[in-house]
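Inspection log for the structure reproduced underneath, given as C-alpha cells.
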Amino acid sequence: MKTLTVGMIGGGFMAKAHSMAMASVNMFFDDGVFLKRKTIADIDEELARNAARKLGFEQYTTNWRDIIEDPEIDIVDIVTPNNMHEEMAIAAAKAGKHIICEKPLGRDAQETERILEAVEAANVKNLVAFNYRKTPAVALAKKYISEGAIGEILNFRGTYLQDWSADPASPLSWRFQKEMAGSGALGDIGTHVLDFAHYLVGDIDQVMATTKTWIPDRPIQKGTVDTLGNNKSEIKELGHVDVDDEFLTLLRFRNGVIGSIEGTRNAWGRHNFLTFEIHGEKGSIVFNYERRDELQVCFSEDPDDRRGFKTVYTGAAHPYGEGLWPIPGLGIGYSEVKIIEMHDFLQAIMTDKECEPNFRDGHKIAKVTDAILESSRLDRWVATNLSE
Amino acid sequence: MKTLTVGMIGGGFMAKAHSMAMASVNMFFDDGVFLKRKTIADIDEELARNAARKLGFEQYTTNWRDIIEDPEIDIVDIVTPNNMHEEMAIAAAKAGKHIICEKPLGRDAQETERILEAVEAANVKNLVAFNYRKTPAVALAKKYISEGAIGEILNFRGTYLQDWSADPASPLSWRFQKEMAGSGALGDIGTHVLDFAHYLVGDIDQVMATTKTWIPDRPIQKGTVDTLGNNKSEIKELGHVDVDDEFLTLLRFRNGVIGSIEGTRNAWGRHNFLTFEIHGEKGSIVFNYERRDELQVCFSEDPDDRRGFKTVYTGAAHPYGEGLWPIPGLGIGYSEVKIIEMHDFLQAIMTDKECEPNFRDGHKIAKVTDAILESSRLDRWVATNLSE
Amino acid sequence: MKTLTVGMIGGGFMAKAHSMAMASVNMFFDDGVFLKRKTIADIDEELARNAARKLGFEQYTTNWRDIIEDPEIDIVDIVTPNNMHEEMAIAAAKAGKHIICEKPLGRDAQETERILEAVEAANVKNLVAFNYRKTPAVALAKKYISEGAIGEILNFRGTYLQDWSADPASPLSWRFQKEMAGSGALGDIGTHVLDFAHYLVGDIDQVMATTKTWIPDRPIQKGTVDTLGNNKSEIKELGHVDVDDEFLTLLRFRNGVIGSIEGTRNAWGRHNFLTFEIHGEKGSIVFNYERRDELQVCFSEDPDDRRGFKTVYTGAAHPYGEGLWPIPGLGIGYSEVKIIEMHDFLQAIMTDKECEPNFRDGHKIAKVTDAILESSRLDRWVATNLSE
Amino acid sequence: MKTLTVGMIGGGFMAKAHSMAMASVNMFFDDGVFLKRKTIADIDEELARNAARKLGFEQYTTNWRDIIEDPEIDIVDIVTPNNMHEEMAIAAAKAGKHIICEKPLGRDAQETERILEAVEAANVKNLVAFNYRKTPAVALAKKYISEGAIGEILNFRGTYLQDWSADPASPLSWRFQKEMAGSGALGDIGTHVLDFAHYLVGDIDQVMATTKTWIPDRPIQKGTVDTLGNNKSEIKELGHVDVDDEFLTLLRFRNGVIGSIEGTRNAWGRHNFLTFEIHGEKGSIVFNYERRDELQVCFSEDPDDRRGFKTVYTGAAHPYGEGLWPIPGLGIGYSEVKIIEMHDFLQAIMTDKECEPNFRDGHKIAKVTDAILESSRLDRWVATNLSE
C-alpha cells in the first residue's frame, strides 16, 4: 500500500466533504493507496485550527503557500472561493502536485486556460470537482447512452434549481460578488448541469442565453465562510449583487443535438433540483439528483403494452456498485458521491490515466459559461469555440 | 330551460370529446340550457354517418355549409384540420352562430386575425379549445396566483412532450403537412403550453426559438382521420414532413418574467406530458397534466421546518368543484376537462359575457407561434407585437 | 341498433355518474345498443324532479315501484342507500329486468344470497358496481397476471384511504348508520379493495380483522343525500355512529396467497387512495387509483442492470384502449371508468354472457365482509365459506 | 479532546458502515471525542486482515476475546451474525466496555433479557443499531408527533420490502438459518419497522401474525460473509431454509392505536422499501426510506383549498441539521445515517445519558418478535408482555 500526502486549502463546508471522502475512500474501494491528511490552510486562523482538528489534519496554517512549498505533500485540494483558484492551482502545478480543484475551475476561461496550461506543462493529475456526474445513476445514464440503449440523442434539457438565496434576507456572501465568484447561479450551480450536458451528450457549440438578477441588494455578510443562507443576518446594511440569480439558455451541440438549461437560486421548494431529461431515437433517460438513487429510463423497443419509464435503483449491478452498499436503496448521499469522486482521482494517479472530469473539461465549461454571459449581454447566439 | 342547437364540423376523435361534453354538461353544471345535437358534417360520408349515430346527432352531411345555412343551428363546433378553420369560422360568424373552434385557431396570425375580425363584427360568442387550462388544478394555479399566494412571478417553464410520432413508422397524417397544419409540434401541442403561459403569466413580448424536424419522411397515410400513431401502415411509400417535430423557445413576458418552453412529439415515454413550473417571489407552483388531479405548490411563508411542496388534489373546495365529483381523486379525465370547457362556453352565452379563452386569445397565441417560427428562421429574438 | 330503456332508482351523486355513462357509452364503444333514460325515482320529490331534468330522464317518480312495474323498462339501475338494495333488486329480478346495483350489493350476506337467488331464478343480467376494477390500469394488471408475467402470486396488500369524514364535524349521513349501511368504511370502500383481491388473486378463504370507530358521534344530517363531508352542518345535535370508521384485516386466499388490507375514512391527506401491491414469483405490480392512468410493474426477467418498476400509462395498446382516448395521459377520470363499466354491462346483455362483476361476486364479497366483522368481534381468524 | 478506543467484532459489510462512521463523525458533529480504531476480529483470518487494512484498524485478530480482554479498549462494536451477540455482548459488558450491537439484539427475548441484565449490571452505555430511526426525516416525524402536529395517533402502517433474496438462486447465507439468525425477514428487516412503531407510536401490546417461507431450499453458500444475493453460486447443492421469508402482522398498541406491518424479502422491484404511514386526528405522516431525504406530512388545520401532503426535504432546519450538509437534497445516504447513529452514541457516553435506542429497546423488540412468531404458530392474537 502506498501513502499519498494531502494539503487542503480552504476550511468551509467543501473541506468537510473532501476530508470525509479522504478518510473513507479505502473502506469502499481498493485503490492501493492511503491518503494522509497533513496540512489544512485558511486565512481565518481559528477556522483553520478547528478545521484541522475536526477534519483530521495533522496541522494547520493561515498561509496556503506553506502547502505548496511542502515537499512531502503530493496532492493539493483547493476548496476556496473561485477568485483564488488560478493562483493556487498554478502554484501547485509548478510545485508538481496533483490537484483537485472545486468548481468552477476559474472565474472565466482566461483563468482556466492558464490553469490548464500549467497542469499540462507540469504533467500532474488534475480533477475539477463536478462531483454530481459521479452519482451512480448518472454514470449509469452514461453507460446506457454508450451502449446505444436510447439510440442517437435528440434533445437534452437540464435544470439546477435551488432556493437557499430566494429570501432577500439571505446574506451577500462571496457567491454574490463577481470579483470573487466570476458569475452567480451560472458558475455556482449552472456549471454542474453544463457538465452533465458535456459528459452525456458532447461538446456544446453555441448558446443563446438570458440572465436575471432578481434581488439586487442583500445584507452584507460578516465572516468569510458562506453558510448558504442558513445564517440570516440581523444587520440591515445592504451591499450590491453584481452577478446573475438565474440564467436560461438554449444549446446547440456539435453533434446536432439541441437543448436547454435553466439554473436559478430563486426557486422556492427546490433545494438541489439538479435534473436532466434526454430524448433519444430509441428511448429516454431522466434523472433528478433530489432522488439520486434512481434513474428513469424508457426503451422504445419494449412491447407496446409494456413500455414506460423504468425506475432503476442503483446498486451492486451498476457503476461503482462493487465498492458501495450491497443493496440498492441503502442510500447514496453526498458522502457516497464524494467518495466515488476521490476513488476516481486515486485510480487516475495509481494507473497513470487522465482524471475525469479534468481541467480540460473545466476549461471547456468555462468557455461555455463565458459564451452564456456574452450571449446574455449581446442578446444573440454565441459560439463557444471549444475546438480552438 | 333553454335549448340551443348544435352543428359540428369534423368527425374525428375531437368530435367524440366535444359530443360527450355536450351530452353530459347538464349533469354536472346548472347552466340553464340544453344542447341539441342536430347535424354533424364530414367529407367522408361513411365517417359522417357513423359519427352521427355514435355521437347522437340527428343527421349528417358531407357538406359543412349545410350547417352554416341551417337557421335552427345556434352553435357551430369546428373540429377539423387547421386549414379549414378560417373559412368555416368566418362563414359561421357571418351566419350569426356562436363558435367553438379547435386549436390552433388558424395556421398563422393572418388567418386568425381575419377570423377574429369576423366574430367581433358578428358579435357572436367564440371559444378556442385550449381545454387544458380548464383542468381544475390549472384553474387553481390561476387562483393562487391571483390571490398573490406566490407573489410576483419570476419564471415560467413549460413542456409538452409526447411520443406518439417518435416512431418513424407513425404515418404522415395531416399533422405533418404545413399546408394543412400550419406548423408541427408547435401548433399542435405547443400552443397549449403557450396558452398556459399567456393565461397564468401574461402577454409574451419576445421569443427566441429553435426548431427541428427529426423524421423527415413518413409513410403516407391512407384515409383522412389522424389516428395519432395508433395505426402504423404496412405501406412503404414515404412522404415528406415539412413541419417541426420539436421546438425550444426562450420567452420574455411584458411584465418582466422570463421563461422557456420545450415541445416535442419525439420524447419516448412521455404521452401527454404537459407541464409548467412557475417560480414567484413568495412561492412556486408545479403542474403535470399526466397527474392532472394534483397541483404542487410551495409557499415561502411556511415555517422553515414545515416548508415544502404540497400536493393538493382538486375537489369540492377548488375551482369547478361544485359541479364535479364530491371527493378529490375520484378523478379528472379528459371527459371532465371537456365538460368544464363546454360549461364555461354555455355560461358565456347565457350570461352574455366573453368566453375564455376566446378568439382574441387564439389570435395572440398565433402571433406568438408565428414569432417562434420566424425566430427559428432568423436565429434571433423576435417581438410578438401582441399590442398592435 | 337496438334500444334498451332504463329506470334509475336514487337521485344522488351516483345517479349522475351512471347517467353520464349511459349518455356517453355509445360515443366510446360500439355495443350495438342505445340506452333510453326513461324514469328516475327518488323519495324526495324535488330531488327526483331535478335529477330527471339534469340527468336527461323523461320523467320522475317518488315511487320506485313505478319503475319495476313499467313493462317498457329493460334495465333497472339501483343507486340508493344499501338498505334498499334487497327489496328493489328482488322486485326488479322478478319483473325480468336486467339490474345494475351499486356496491355493496347488500348489508350482509343473507341479503345478498336472496338477491342472488332472485336474479338467477329470473335469469337476468346483473352487475354490481365495483367500478374500480374497470380502470384500464387494473384491467392491465389482470392481463399481466393472466399471462403469467409476474408468475405465481405470493402476496396482496390493498388499501383504501379517505379523509372526507376525518373531521368530526362531517355529518352523520346514512353511511354512518348500521341500519342503512350495514357496515362503515368496510362496506363503503373496503368492498372495492376486496373486489380487487377477489378479481386479481382469487377467493379469500380466511380473514383476521380488527375494526375501530374513531368518531363515536357526529352532527345529525338534515336532508337525505349524502354530500360526503362537503356540507358541514352548523347544528350541534349529535347522533351515534354504530359502524366502523376503519378496518384492518389479514387475508388468506384459497390458493395459498397471503395478504392484508387497510381501509379507513380517517386518513388526512388521502382522498381516493385505493391501492394494491402484488408480489409474484417473477415480478410485482403496484396500482394507486389517485394516479389511475398508471400501472407500475417490475419483471424479474429484466437484466440485472435494467430492472425496476416501469410506469406504464394506459392507452390504445391496453385494455379498453380501442374505445377510449388515442393517447395515454389524455386522461382516465371517474367518467371514463363508469363508461367502461356501462360498456361491459351492455356487452353482457348483447352477447348474452355473464357480467363481471356480477351478483355472485357481490355475494362473495358480502360473505368476506361478514367474516371480517365476525373476526373483529371474535378476535380470531374466521372462514369465509365461499364455496358453500 | 478525549480519545476512546474501539474494538470491532465482525468483518462484513456492516463493519465497513460502522468504520466509516467512526472515521467521519467528528467532521460532522462536535462531540468532544475521537475514536481510535484499534482491533478488528473475524474468524476468517484473511477477511480480518483485509478489514483491518481497509477499515483503518491498527491490528486484527481471529479471536474476538482479544478485544474483550484488551484494557485499552473502551468500546466494543458487535457486527456479527445474531447467534454470537449474546456471548459477545455479555462478555463485553462484564469487561466494562460500552457496546454497540447490530440488530436484532439477540435471536430471541431470552437472549436479549440476559444481554440487557448484563449491561445494566455493568452500567455501560449500550446501543442497538436500529439505525433507520436516525434518518433526519424519521427524527422529524418524531418531532412533529411530539409537538402534537398531527394530534392523537390512530393508525400505523409499516412495510419493509426487499428483493435481494427473491431469486431462488440467491444463496443460503446465515440469514436463512434459524440457528444463526433466530428468524428470517422478521428479525433481519422487520425489527427495523417494529422499531419505527415503537419509537413513533409507543409500546406494542398485542400482535396477530402470519409468516411464510416462499423458497424452502437454497444453494448452500461457500464462505461466511453474506453478500445479500450479489454472489449467486453455480453450485446446485441445496440446503433447507428454516426461517420466514415474509411476515404480516396486525398490531395493537398500549395507547389504543392499531396498525399493521408487512415485511418480505420476496418483493421484486423493492430494495430498501422501509416505509411508514401514520394517521392522526389532525394530520398524517408518510415516510419511505428509498426517498429518505423527504418526509410527507399533511396537516388538517390547513385551509380547505390549500390542504395536501407536503414533501419536506430535510436540511439545516431539521433534526441533526447543524452537523450535516447545508442544503437539503445534497443528500442523506447510508453513510450519513450511520454517522448520526455514531454521534448519538458518543453524545450518550460524553454526557452520561442513555443511548437511544438501547438494549432495553432491543429487548422490547425481541419480545414483540417472539410474540409475532408465536402468534403465527398459534394462529391467534398474542400479548407481548412488554411491561413485565
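As written, the chains take the letters A, B, C and D, and residue 1 is the first residue of each chain.
One rule holds in what follows: contacts are C-beta pairs under 8 Å (C-beta built on N, C-alpha and C of every residue); 3 or more make two chains touch, one makes a residue touch a chain.
Chains and their UniProt names: A, B, C, D = Dehydrogenase.
No experiment lies behind these values; they were computed from the predicted model shown.
Where chain A touches chain B, the two copies mostly use the same residue numbers: shared numbers make up over half of all numbers in play. When each chain is reduced to the average of its Cα atoms, A sits farthest from chain C.
Separating the CA-averaged centres of chain B and chain C is a span of 34 Å. Averaged C-alpha coordinates give centres for chain A and chain B that are 41 Å from one another.
Inter-chain centre distance (chain B to chain D, centres taken as mean C-alpha positions): 53 Å. Residue numbers of chain D whose C-beta contacts span two or more other chains: 299, 307-309, 313.
Residues 140, 143, 297, 302, 304-313, 317-318 of chain A are the ones that touch chain C when the two sit in their complex.
Here chain C touches chain B in the complex through residues 1, 13, 16-17, 19-20, 23-24, 26-28, 30, 53-56, 162, 164, 227-228, 230, 271-273, 289-293, 313, 315-316, 325-337, 339, going by the rule given at the top. Here chain D touches chain C in the complex through residues 150, 154-155, 157, 159, 161, 166-167, 208, 210, 212, 214, 246, 248, 250, 252, 258-260, 262, 264, 266-270, 277, 279-284, 296, 298-300, 307-309, 379-381, going by the rule given at the top.
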